[in-house]
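Once you scroll down, you'll see the structures, which are given as structure tokens.
Here chain A shows up in two complexes: once beside chain B, once beside chain C.
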Partner chain A sequence: MATKKKRTPNAESDSWVVIAADSVIDTQKHDSDPAFVRLRNPATDEASLYLLGSGDVQLYEVKAFQEDFRSWFIGQAVQRDGKLLFVTPMDPLYLILPYLIKSGKEGKFQPVEQLVVDEEFPACSRLLSCTRSLASLHHVTEEKEVGGRKFHRYSEEKTMSWLKKKVERTVAALRMRNVCVGEGVTSATYVRVKPESDGREEDFLRYAHGLLSEYISEQLSKALLTHLGLPEPSSPKEAEPPSKKRKLSDKPVEAGEDYTKFNSADFARKPPKKMTTAQKSLAKVDKTGMKPMSSFFSPKVKAEKK
Partner chain B sequence: MDLSSFEADNSSSCRLASHIPEVCRTEDCCLGIDEAGRGPVLGPMVYGICFCPVSKKEDLKDLKVADSKTLTETERENLFQKLDEAKSYIGWALQILSPNTISTSMLQRTKYNLNALSHDTAIGLVQYALDSGVQLKEVFVDTVGPAEKYEEKLSQLFPGIEVTVRPKADSLFPVVSAASICAKVARDRVVKDWKFAEDLREVDTDYGSGYPNDPKTKAWLLKYMDPVFGYPQFVRFSWSTAQTLMDSKAATVHWDDDDEETGEKAAQRQNNRSMLSYFSASAGGKDHNPTRKTHRFFTERRLKSLNTL
Partner chain C sequence: MSCNTSVTRLCVSSVNEAQRAPVHLTPCEIEHNGPAQVSQYFTATTKNRKQEQTVSFRGRCLRGQELSCPQGYTGLVLKEINKPGSDQEDRTVKVSSVFDKLTYWNLETPPNSDDTVVMAMDWPELAEAIHGPVED
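Let's look at the complex of A and B:
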């Protein structure tokens, strides 16, 4: 199904190595070639590369496999850039959604052609010619039909349940592909004796949510997290104990503990109640002319100086 | 000497051997080891062993075998002819290490240096003689590296055999001289008639001695350098002569294990965090990109979004 395509270079000398389904370059039904277009990435709000399939009926996202120290030998040429491009089908609704949300704040029902407009990325209107676009708008908007024309208004509620379905389908796909979703590192070759323990469902949900968040705004991602009933992951920073280093400040230094209790009368030193026999016999020894032990450690008495 | 098996695939190592004389299986034998073509930047390195019964040592002397370096090419060819004719009591075996084998050994991830390669080849040939039933009692070797260490290594590997490692052994022991002649003749023939695996059209075979200091060799190396591939397999890429020329004239190629990039520098390039950053509480926050982190599904698979082709 997937074929390795070696594109002949256009004006530039560079070519790319692309893996794409045959349908991407299928020009039999349509006259126009597939085209790479720059569109607003819903997650980053910046330009990303997409591909519109023949006649703009299918949207594909373009991802690059990129590692250090890679080059291609293509035919009789060497290509410095060792990238491998993947062109994979994508739901155009993800790219349309930001425009719907933006105008949804106005709260009006509008024809979709009026909603999906972007000065920076004029190509965004081509998204509407994708077969799936108009057919799936009802997943995220309320619709009204007046005089044969359809008007739309963004609905967060519908969007959430749509995204939830997407998460569930992603979980199913992750399970089928045995994608490692747990925290920490797992070796792909490590075979567990026991089946995966509990809590796996949440791991899958969280992983799928993270994956989906690559296609929606941060705000929407947070809302989806709540909608899925997943608690915010506790940040490791908060769990950390406070730094031990004291901070310098102009405020007067105050003792962290109250030492005044040691001044009270009942804290006065009491003589030890009992002495051992050894201590007793030592106490009886004649100590005249002997220096106390402490005198060896104290600075010399200055009395001699006189 | 039939070199066709090496010429069929001159990119790898190849063993050639004479028939084992019957007398060598029954009588105590001595064996000499020597090598030819250690220094040149071009062509293979050939290891040779020659063996005969200890009782026939004098006969070997009568053949007037001498250090191959003191002989002309024709004299060597003639002597090899005589050795080959004396097949009733003299046997030989050769290991031809192609320049490609030398290059790939010395330049692989875990470096395998020329001395180790030499020792292992010599050991392999002695083992071959033993496996063929030659009754080895004495082994004479021209040294590679410190003689005492090499001698100890060989003695331990082959208990019961008296191993003598000497510098200049090829002029001291006739059996080593004989081995050196076999090795040298094989190398000369291979180099003279090198079958280039590459399509070089009318290749200019005037490459001189093949030693790095030979101006002819240098000129040939310059002429046949390809900016992308470097040299034909005939050249030992691990030789500094070849490397220096490629560094200055050929396209730069970066490898995963490039020497210059170690420690800090490599870590920085790979976007790794310094170990120190894990000990201070605040560093984590500062380091993180203010824009969102790509999900690990993509980072683990080295997948990135593009904004331009």
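Let's look at the complex of A and C:
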């Protein structure tokens, strides 16, 4: 092929391929339908797409996995957009936390429904309907009860120990999945490890910290790093990804599509050592082999600007 | 700017009318949305060898593998119905198809455990660790 064929712009799709927790489509308990809503993403401070389950009792994260040059065959039809969305249960406390921190600066004990308000994202008050929200506030606030009414004040100390427990849970899950986290693999990467290589504890901690940093502000992420006793990465190569990631995640999304948003990029997969002739020629245009893995594990499903 | 107040309702009752459809993830972008004779020209020519499947598509050899949805998860194809004219209005999606496994295809490379979509299937388990309740 002498000239590269021009691609037509991808028009907004009206169809999405989703892998969703069974509880999303469980209609037994409530009569109201689940709803995709835009809420403030705690890491980017911008709109991301989430799902509130039937009756608002459960919050779900909507995460897109996407590679270049993928499309779907669904039954007897083609869907050009090859993205795969995952809808997984999410801890609502991550989304509530920024509001608590903001009002915590006043230092007063306040009723939580007065704290979780946002003109830009009115749906945020629905987070308080989630079963786990009120029950888990004590993980991040000090509570006072006066006349049967509860008042809360943000506590960084409690938040740090809550986040540390989250990190520990995540480390345990990573160990179980045999995820390779060590030796030159930075936190947001994701590679299977051969059974003989055993990651060091610090590598697991850093990796888990990287995953959790997708759900907290940059400031909190840094504080957590200190709390975990991990020094800030010293080499410039290691230090680069977080800032780069945040910058990229602020990019607007292409072509009027609600369900996409990826940040990038700490890690490039190694291309296969031996390439066939066909692969070599393809490699010139097809960069999928180099696509950073972290982009597939980013939670930023951001609403686009129109 | 898009409106943060609009919601997209997922019409859950549509699951009951949704059809089971075979789902394939192709290793190429196809510039088309809409009907295609998939079973006649694609599915009919796939060959099964143990775990791996092969098919010739536009003269290229594709190698594929079937993947099951993670336990406790269901595959859904959501379709928007009655698209509104403005982004201020609420939208509705319905479940048009359901699936519990999908077939993903690589161009010439044999399917392996480092393939993105294979690793994506691990995400729910990792998400559970990040989002599950912590003890006091």
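Throughout what follows, the second predicted complex is superposed on the first by the 205 of 306 C-alpha atoms of A that agree within 3 Å, B and C clash if a C-alpha of one lies under 4 Å from a C-alpha of the other, contacts with A are read in each partner's own complex, and residues count from 1 in each chain.
To be clear about the criterion, contacts are C-beta pairs under 8 Å (C-beta built on N, C-alpha and C of every residue); 3 or more make two chains touch, one makes a residue touch a chain.
Quantities reported herein were computed from a predicted structural model and do not represent experimental measurements.
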Contact-wise, after the overlay, does A:65 reach chain B, chain C, both or neither (first, second, both, neither)? both
Considering only touches as defined above, state whether A:139 meets chain B (first), chain C (second), both or neither. second
After superposition on the shared chain, which partner residues are touched by A:201: those of chain B (first), chain C (second), both, or neither? neither
Once the structures are superposed on A, label A:44 by its partner contacts, choosing first (chain B), second (chain C), both or neither. first
Please work out whether A:25 is in contact with chain B alone, chain C alone, both, or neither, and reply first, second, both or neither. second
Greater chain A contact set [chain C / chain B]: C
Would you check which partner chain A:113 touches, where first means chain B only, second means chain C only, and both and neither mean what they say? neither
Pick one for A:173: touches chain B only (first), chain C only (second), both, or neither. second
For A:36, is the partner it touches chain B (first), chain C (second), both, or none of the two (neither)? both
Output the chain A positions appearing in both contact lists, the one against chain B and the one against chain C. 16, 36, 38, 47, 61, 63, 65, 67-69, 78, 86, 211
Complex contact set, residues of chain A against chain C: 7-8, 11, 13-22, 24-25, 27, 33-38, 47, 51, 54, 61, 63, 65, 67-80, 82, 84, 86, 88-91, 94, 120-123, 132, 136, 139, 162, 165-166, 169-170, 172-174, 177, 190-192, 211-212, 215, 258, 269, 272, 276, 278-279, 282, 291, 293, 296-297, 303-306
So, in the complex, the side of chain A touching chain B is made of residues 16, 36, 38, 41, 43-44, 46-49, 61-69, 78, 85-86, 179, 207, 210-211, 213-214, 218, 237, 240, 243
Which part of chain C faces chain A closely enough to touch in the complex? 1-2, 4-13, 15, 19, 21-39, 42, 60, 69-70, 72-80, 83, 87, 93, 95-97, 107-109, 113-114, 116-117, 119-120, 122-135
Interfacial residue positions of chain B with respect to chain A in the complex: 228, 254-256, 269-270, 281, 284-285, 291-292, 294-298, 301-309
